[in-house]
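One structure, as structure tokens, below. Some questions next.
The chains carry the letters A, B, C, D and E, assigned in the order they are written, with residues numbered from 1 in each.
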Amino acid sequence: MPMSTESQVQANAPAKAPTNAPANAPANTLINTPGNEEKDGKAFRPLIVSFCCNWCSYAGADLAGSSRLTYPADVKIIRVPCSCRINPLFILRAFQRGADGVIVNGCHPGDCHYSTGNFYTRRRMALLFSMLDFLGIEKERTRVEWVSAAEGARFASVMREFVEQIRRLGENKKLGDIRCKE
Amino acid sequence: MSFHYYPGCTLKTKAKDLDECARKSAEALGVPLIEWEEWQCCGTVYPQAQDEIATRLAAIRALDEARRNGSDLLTICSACHHVMKRINRDMQTNEDIRTKANNYLALDTPYTGQTRVVHYLEMLRDTVGFDELRKRVLYPLTGRRIGAYYGCMLLRPSKEMQFDDPENPSIMEDFLEAIGAEPVRYPYRNECCGGYVALEEAALVGELCGKVLDSARQKGAEALITACPLCRYNLRKNGSKQDMPVYYFSELLAEALGVNRTNTEPVRLEK
Amino acid sequence: MLKIGVFVCWCGSNIAGTVDVKAVVEAVKAEPGVVFSTDYQYMCSEGGQSAIRQAIKEYELGGVVICACSPRMHETTFRKAAEAAGLNPYMVEIANIREHCSWIHKDKEEATEKAVVLCRAAIAKLNLNKPLFPGESGVVKRALVIGGGIAGIQTALDIADAGYEVDIVEKSPTIGGRMAQLDKTFPTLDCAACILTPKMVEAAAHEKIRLFTYSEVEEVSGYVGSFRVKIRQKARSVNRELCNGCGECIVKCPSKTASNAFDEGLSKRSAIYIPFAQAVPNLPVIDREACLRFQTGKCGLCEIACSAKAIDYEQEDETITEEYGAIVLATGYRPMSLDRYDEFQYSQSPDVLTSLEFERILNASGPTGGSLLRLSNGEKPKSIVFIQCVGSRSDDGCGKSYCSKICCMYTAKQAMLVKDKYPDIDVTVFYIDVRTPGKNFDEFYRRAAEAYGVRYVKGMVGKVAEWKGRLQVQAVDLLEDKQLLIDADMVVLAAAIEPDPGARKIGAMLAVNMDQNDFFTEAHPKLRPVESPTAGVFLSGMCQGPKDIPETVAQAGAAAVKVLGLLSKDKLVGNPCVAISDETLCNGCSSCEALCPYDAITFEEKQVMVQGRRETRRVAMVNETMCQGCGACTVACPSGAMDLKGFTNRQIMAEVDAICR
Amino acid sequence: MSPVRSEPAEIVTEMSGVNPRKCMRCGKCSATCPSFSKIDIPPHRFVMMVENGEIEALLSSQLLWKCLSCFACVERCPRGVEPSKLVEAVRLLQIRGQGKNYRTPDDVPQFVEADEEIPQQLITSTLRKYSK
Amino acid sequence: MQRIIGKMREKAKELLEAGTVDAVLGWKKGDFAYDPTPAFFYSTDELDMLAYDGFCGSNLSKYLVEYGKEKGKVLVFLKPCDTYSLNQLVSEHRVDRENVYVVGVGCDGMLDVQKLRDKGIAGIEEIEEAGEDLRIHTLYGLKTCPRDEALLKKCQSCKGKEHKLFDDRIGAEESRDIANEDRFAEVAELEKMSPEERFAFWRAALSSCIRCNACREACPVCSCHTCIFDNARSGVDAKANASEFEENLFHIIRAFHVAGRCSDCGECSRVCPQAIPLHLLNRKMIKDIQSFYGAFQAGDSADQCSPLLSYSPDDIEPDAFDRWKGVM
């Protein structure tokens, strides 16, 4: 992969919203961004870190597995006892080391195994993501999802969706550590 | 609060009574109904297939016009109401239909189901209020045992129509009570009259209408009301033999409010 | 450096079919610390475990990584295996290469690559593991059972018989629950009251059991081994010590128009009442909503009638707080409301009944004194139609997605009871499927059809309508492709069952999750079916899922065994993965204290050695018994003083680094 | 083994937006159908046949023309299958074919002559339903 | 506020002599007219050097942490905005309230010498603060400048004249009114930009960070005994920025650590030798907290709970944060 240099960053900077978009295009159509072009003849495979709380989301991921519901191998799961264990540092660390997307999964608010953990997660992540957005880092690279132990199918579909979203965004350059890129 | 009034084809021809009584009564109740002159037929049947776009456009035009005027769209005919409500819902929830329809219509602002579709009866219940209506009644239909015939279009599918309990509706009974009549609840009031197969399956329609009328009579009804010209046609055609008059609900409303076509002594419906 | 052994499981073809296990074994050999790696067909088997034990000894391993199924499945198994070989059990890490890898990926190369990454993450984490030692806490040797139906009674009796004290909290004025409403029970047709009431009496008389009827759990705090529970005993307006249960007050009560819930609202009762004749305790209660004294201030006839002077209009709710080592949820079920199923005319015709209402009609103590009569006109029916699956197996937004399980059998029972007493009545059952898995169940259903002539029609009913004084049932016979019109006099609807709505509040207090249908979730659907996810809280009966009486009683016993297993311990070994505060880093800011859900953090002024100097600092202390290990405090701590054992900052970052390498 | 999907079946499921696999064969649609006496293929069987890809046989079914669009089957189906949408999709498949209209404007005079009370609605809906 | 220095010295002398306090924390005259520095005074003899003028912008609260809990009681002079910081420190148990004697001093808005220099005023010898204008004696003669044009950035959006906690006050009622700018205006401007523009803005700003740690040292809530960035055991220690990422990381984490605690005292930006507008990160957090979770001002009182240590069951979802953009 090429070095992420200043000029690279600019070269790959997404163009401003296209002005020639049809007026009646549905509002939620994602604006196509560069980055998903083929590299070395291979499609871009993002690296995605998925933090899962032990009680709901990890179990949901297990259920996705035992139900044989597929999602891309790009997703790698890290188990934590509760989503409130996820330090913003871990998320930034993942980006630093080359992750292209980070998704935080917890129990549905109100269903936390520890009663209140995910309520704190929700506040922390809202503020963290807002700050990353303020720094100009694509907010689509981060996500919080509430996935219960019963929602194996949803876990798989959320992962598929998120991977697709990151694929469209392309490689994470803004928050990558140059030392980690070959 | 005024309504964007959508009468529909039949109300301007064979069902003039339904239209005229409804408009006069609304006027008497102080609810302005503003009819858009350029309305076109709603299509009469809701296109159930996802890929039918053209057949939805007439309804969307009317809905969009109501949005421009910033008012709710008011219908009376059950079929119109059914078509408008469901197509409006498609525009709210079905992205494919919404996109395609808007591409066809090329409106300044895309229509995404912003208009609220209201049935005349809902207007009576929610805007006027049945309690208020009761106070405005000059000639209550006291002692008259009347059954409401809902048919299919107003009620089903209930998830989309959100009109009333599809199996045990009550809005027309509450209406009847408000105008002083004694509502008669009977189990076949939400079963189909035979609809548009009337022309070729007269026997089937006869059977279905017969059941409705019989069911109403068993419970003691002496007349029926309906909101649908087609239902009324089918029931009358088969019910004339059965001595069961079938009125539009708006006829009885006009009667009770005393806004009949003749401005003289109100004609009391014969007992 | 830690010597690490890696064990890659095939799980038969479950893993090996998609992941090249040999390649994983090779790929991780060069990872830091790895001195040994191997693969095995079934790591969880005795053979696999002994391979682990052997390798630990042979290679003097300090930690092992098992690449296998989810840690939620076999973490404990492998920890025990490691412990048997002398390792600290927390020096085991699992890489989940089955649920999170082989089962979800199809491409072998891709899956293998991912398995290697997951394994590396586990190795990276393990390199930072420290041996952990769980703390201990005491056990209060008493249990609480919430709900006094057959499930709760049976659980309480089993616990009490083993010599432990049990309290039952029941929200209604008597124990007995739904079973008390039933007439007969399938598949033996013995009378419900005959087998239930002795158990009720036994529970009341048991020296180890206390009953709190007409009571509710208001607040729960604490944790396994020592829960503190606040119980509200609602005012009965009758003094339990003075009342002798003579019933004079009930006879004299002039307000006799309250709906009788025991008869499913089919009859009326007085304002002061005992729910049914065999109620336990046999103690009346005043329904203050219906009582003239409470509503108008006039009346007082019950007080005058009571020779024992037990009527007490001034009585107030009482709240007591008790401690328990274990709690059993037995909150039961109810038939779902059929408001949305009026195509069957349920709310429009008195002759359309739910099965539970019909049960009351069949019952000798019911509203018709046990004679089968139409409620519309009091006449004997000539034809009865049963409709199954009303609201069950539904995906229409207003019903239940599950099979209610008991309806096929009770419908067969009710049909049989009708036919047995009145062979001349036509009985038709409309079914979609007849489901009779259970001992003697299918034989029972066949007996209804064969010996009693109950007509079973495969098909559903579309509409029920009153017609000429009877009910016209419009249905389909799917095997004949015919629409049927049947004249019936009564229609009985097998309404879907649903968990009691009160369960939600109690579940929230105990942090026991509910599934999408509001049934309590068990800790494991197959292996821990009577445990809730919250330690020390167990499940009994319908609150966990649809069950018939034998199953309920069996589960009640199972829950009791789990409770006894807990109460028989003197000490509980805790989860060692708890928070730990580094006092040299702690600022004493109390952020962690503010958000700890277990009040497990306190602060102390303490002498701390910092860079060779002694300083007095305000530092956080973690109570290891109370801490449940969520980790909320670790993120709130700005200085990084608070960490979570087993999931330390550095361990998680090592995993991140390994994955993002 | 899942049934072999012929192309028309896919068109029908796509056009209708209905997943016929949700049907659990309870027959409530057929129990509730007011046209039952006039049809050859009852609604539940119609759903099954779409699922099995037997569209060819459905194209000549009487149900296409005798369905009243009363939506009772839609309302009462416990599985949310919406049989009437499948019927409509098959009907469209039929009448969208060249010269396959069941009714044409030429039929109108005869209707009007038959009964002058006939409401517009009836004629319009017949044409809307039965022709393209 | 040069006018109240006499009263301040008197008060300090009185309390030191009476033994009420063991030390006095104030500003000490510097080498030039515009560089008084924070200092502890232990005896009455030293009090001649106590200064208070328009260049005493530094927030003394944090020095109370360093003073420690074992050295006895200290008198501290605090401007109104400084008291928010002390309140926060008290709420976090970093300073014992009873160990501090707070004298609230009035404030006319503090000055930025750089702004004078930018106006071409060089060779400053003495500055007279009189009313709305500054009279500046320089090597090149007398210059004047309207006070409002020389205010510190942080004083352009003043929190007001009220001392949030104090034991005594001097000149508080004489404080000058300062036109209060919308402190979120700059944040809102940035929010309106495209992500690319924002990224470019921050990259340009943060890439000049030399990791001198001045922001951290001056920040009254960055009071950890050992910062995680200095702690070899934390796994994220880094004494210098080795990459663009680390330039970002340090400031993101710092902003996150002070979120819900930062009173917006502005010291971080004031002390930054590279003029990085660090206060914008903090203000963004404050703005978000206010729009997501309702009005909140850190340091308003010593017994309120930080929004990050509490929750409401119906809080907004993390993906909904940008719906709030530009609201306020």
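Everything that follows uses one rule, which is that a contact is a pair of C-beta atoms (placed from the backbone, for glycine too) under 8 Å apart; a residue touches a chain by one contact, two chains touch by 3 or more.
All values derive from a computational prediction rather than experimental measurement.
The chains that touch chain C as well as chain E are A.
Separation of chain A from chain C in touch steps, taking the shortest path, is 1.
Set against the C-alpha centre of chain C, every other chain centre is closer than that of E.
Most remote from chain D, judged by the distance between CA-atom centroids, is E.
In this structure, the chain pairs B-C and B-D differ in their number of contacting C-beta pairs, and the larger number is found at B-D.
Rounded to whole angstrom units, the spacing between the C-alpha centres of chain A and chain E is 36.
Taking the mean of the C-alpha atoms as each chain's centre, chain C and chain D sit 45 Å apart. Chain D and chain E, compared by their mean Cα positions, are separated by 75 Å.
Of all residues in chain C, those that touch two or more other chains are 343, 397, 463, 595, 636, 649, 653. The residues of chain A that reach two or more other chains are 88-89, 93, 110, 116, 120, 124, listed in rising order.
Multi-chain contact residues of chain D (touching two or more other chains): 37, 72, 75. Of all residues in chain E, those touching chain A in their complex are 187, 190-191, 194-203, 236, 242-246, 248-249, 252-253, 255-256, 259, 281, 284-285, 288-289, 292-293, 307-309, 311-313, 315-322. Taken in their complex, chain A has these residues touching chain E: 13-14, 16, 88-89, 92-93, 95-96, 109-110, 116, 119-120, 122-139, 143-144, 174-179. Looking at the complex, you find that chain D touches chain B at residues 14-17, 34-35, 37-38, 65-66, 68-72, 74-75, 82, 84-85, 88-89, 92, 111, 114-115, 117-122, 124-126, 128-129. Against chain C, the residues of chain E that register as touching in their complex are 69-70, 92-94, 223-228, 231, 233-236, 257-258, 305-306, 308-310.
Interface of chain A with chain C (complex): residues 47, 49, 54-56, 58-59, 61-62, 64-66, 68-71, 73, 76-82, 84-90, 93-94, 97-99, 107, 110-117, 120, 124, 148-150, 156, 180.
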